[in-house]
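Once you scroll down, you'll see the structures, which are given as structure tokens.
You will see chain A twice below: alongside chain B first, and alongside chain C after that.
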Partner chain A sequence: MSWSVVQQSIPIFGQAFWLTLKLSFYGIIGASILGLLASFIRYFEMPVLQRIAGMYIELSRNTPLLIQLFFIYYAFPEIGIKLSAQTSGIIGLIFLGGSYMAAAFTGGLNGVDKIQVESGKAIGLTNWQLARYVVLPQGLSLSVPAIAANVIFLIKETSIFTVIAIPELTNTALDQIGMYYHTDESLLLLVIGYAIILIPLSILLTWLERRARYGAFGN
Partner chain B sequence: MPDKLLTVSHLNKSYGKKPVLHDINLEVEKASVTVLLGPSGSGKSTLIRCLNGLEDFQSGQIDFMDQTIKPGFKKWQPIRQHIGMVFQSYDLFPNRTVLDNILLGPLKVQKRDKHEATEQAMQLLKEVQLADYANVYPRQLSGGQKQRIAIVRALALKPEFMLFDEVTASLDPEMVRGVLEVMLQLAHQKMTMLVVTHEMNFAQQIADQVLFLEAGKIVEASSGQTFFTQPKTERAQEFLNSMAF
Partner chain C sequence: MAHSGINILFEGRNFTRLLGGLWISAKIAVIAIILGILLGIIFGALRTLHNPVLRFVLRIYLEFFRIVPTVVLLFLFYYILPKNFNMNLGAETVAILVFTLWVAAEMSDIVRGGLISVPPHQVEAGEAIGLNRLQLYYYVLLPQSIKLMIPATINLTSRVIKTTSLLLLISVMDVINIGQQIIEANSQHYQNGAFWVYGFIFILYFILCYPLSLWARHIERKELAENA
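Up next is the complex of A and B:
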């Protein structure tokens, strides 16, 4: 292991670090919105949309991200949709993450006690008010642990972006190894890169989970 | 003739093929207290839940105020503002303070003035001796306090009719009294009430009318005093004996 090589490689890994963070951020935000939407549609049993959401969730959950990325990046241009590698990556992450987020939100919404819904009805809340004041606030806090697990999962999934040559952390490490045989140095920086993102995030999410649990239970 | 608030006629309900309520007929007069008694599983809770639409029924009808309700009725939401209900399990919203629990209905459902609704809520809290707890979360309250708040939350909508579904059944014995006192106080204020309870002394004190349910049927309907002193049916007699200690 050469420390000078490590030092020299820091800038390029720095770039990869920020790119990984950026793509994860957009992917997770998009996946959360998509997942929330899908879980809503299913919770309130909206006709037609419910079917579509169900099909999407099955398709998304039961295909590997690798294949989803191949489709978006290599097959879509055949039908006239040409996207950059990074856009393809983000869309792939949203497509995959949406179903996982939907499952997390659905779990939370279904976890809200039936008596809570009934006592909301008993004071005359409309369905919409019931969702807004009773089901959502409690359901969202119940979803937090599963959402947190998904956030970490999705960040780690960005390593697969390497197959469509996005210079994120894993791709950069493999590149450095392939070009210069800086195997030890690159793997070290790769691990450090992910650790800097994931460990503080994990701590933050655990803290959030504890807060959410306190808000949701204790009745 | 005293005014009727609620009439149930020939109401039948079943879960699949299993009948749970059979040909229920009852009348509730304004400002009266009706107590539903009967062994567990006799359909008391199901019946009370039919009266504010938490359960549907298969045949018969309910007349409440000027509304006729038939099976499959969907427009319960406006009616529920006139019917307060308190459940057995603590049902306050854990993510809202006591005051926010109480104000949710008046502000969002009835769109009342915040100042006026808050004043009324505080007055009601004072009547149940919990005025100091307005800004506390439900988890900080005892079971008895929660049930008194749940009563206040229902009363805040200024209902015509109150349903109580075994509201003291999950309370520690020393908490029961406070809740029952609030209910007695309500009865003195001429609130129309329908009460499911296993507290026999309380039932005897508060009931104008007793309906005794067994296996989904009303097997005895009498005035409060008659039921406890001269039960007509053998089954009611057995039931009372089993409750006496």
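Up next is the complex of A and C:
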């Protein structure tokens, strides 16, 4: 292990670090929106859409991200859809994460006591008001732990982006090893890179879980 | 149709080769799951003992395997073992080793969670009739908590199967690696080979994992209905 090599490699790993963060961020935001949408469709049992959401969730949960990415990046151009590697990566992460987020939100929404919904109906709330003022505030806070687990899971999954040559952390490390044989130094920086993102995040999310407990009141 | 893209799957020995690749992935997954579960049960049981050093070490082990992405774990073992420990293992052996340790880490948390959910009066009652530690685990704690562990263990199995897709990265001849070769070898005659081959592998993984997720959900529902 040579420390001067470690020092020299820091800038390029720094770039990779930001790219990993950026792609994770878009992926997680997109996955949360898709997941919330899917869980709403299922919670309010919307006809037809419910079927589609169910099929999407099963397909997404029961296949690996790697093959989803290969399909998006290599097979889509053959049917006329050309996407850049990074766009493919983000879309793949949203496709995968959407179903996990949907499961998290569904768990939260189902955790809201039936009596809450009935009381809402009894005082004459519309479906929209029911969702906005009764189900969502309680359901969301109940789903915080599951969402937190998904966030960490999705950030880790970005390491698979290396297969479509996106220069994120893992890809950068492999590049450095392949080009300069800086094996130990690159692997060290790689692990440190993920640790810097994931350790503080997991502490922060545990704290958030404790704070967001008000949905559990009265149970 | 004179020239349909799906034929790429049946050209020559392509189909048997793909299934052969799937067999390699399945073999690695099955060995790792069996060894990992056994190891995980031991680790999980150890984590319920009141030995602070042991608990700390096993906790660090779990957190390490949780924080570091599986791709990175594979590379760590693949590069570091031969270089720094002079252990030249084949890619498949490295994969089995990494997957086993990873499954053991996740399993230890499932087992620990199950064991500590058994009410303490059960342990006290067992102690009162003179059971020793081992008997306590074997006759009292495990039988009562195993039902809680099963759905999580099935989900873990499904995760391991999905993670075998990463074997390609350390050049194991798995189903995806063979798929890539087939696409390249046939690229002159099949312009949309990637669509059919990757589509086929996508469906293969779905066929393997979907029944497992249905099974896990079925058991969870049954549990809920029994406890209600």
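The working rule: the second predicted complex is superposed on the first by the 214 of 219 C-alpha atoms of A that agree within 3 Å, B and C clash if a C-alpha of one lies under 4 Å from a C-alpha of the other, contacts with A are read in each partner's own complex, and residues count from 1 in each chain.
By our rule, a contact is a pair of C-beta atoms (placed from the backbone, for glycine too) under 8 Å apart; a residue touches a chain by one contact, two chains touch by 3 or more.
All of these numbers come straight from a predicted model, not from anything done at the bench.
With the two structures aligned on chain A, chain B fits next to chain C without clashing. Judged by the touch definition given at the top, the superposed model places A:Leu66 against chain C, while chain B stays out of reach. Superposition on the shared chain A places chain B and chain C such that, viewed from the Cα centre of chain A, they span 100 degrees in steps of 10. Once the two complexes are laid over each other on the shared chain, residue contacts for A:Ala122 go to chain B alone; chain C is not touched. When both complexes are overlaid on chain A, the residue A:Val134 reaches chain B alone and has no touch with chain C.
More residues of chain A lie in contact with C than with the other chain of the pair chain B and chain C.
Think of it this way: put the two complexes on top of each other by chain A, and the tightest Cα contact between chain B and chain C is 18 Å.
Within the complex, the chain A residues that touch chain B are 115-116, 118-126, 129, 133-134, 137-138, 141, 215-219. Of all residues in chain B, only 52-54, 76-78, 80-81, 83-85, 87, 89-96, 104-105, 108-110, 137-139, 150, 153-154, 157 touch chain A in the complex they form. Contact residues of chain C toward chain A in the complex are 67-72, 75-76, 79-80, 83-84, 158, 162-166, 168-169, 176, 183, 191-192, 194-195, 198-199, 201-202, 205-206, 209-210, 213. Interface residues of chain A facing chain C in the complex, by the touch rule stated above, are 58-59, 61-68, 70-71, 74-75, 78-79, 156-157, 159-160, 162-163, 170, 173-174, 177, 183-184, 187, 190-191, 194-195, 198-199, 202.
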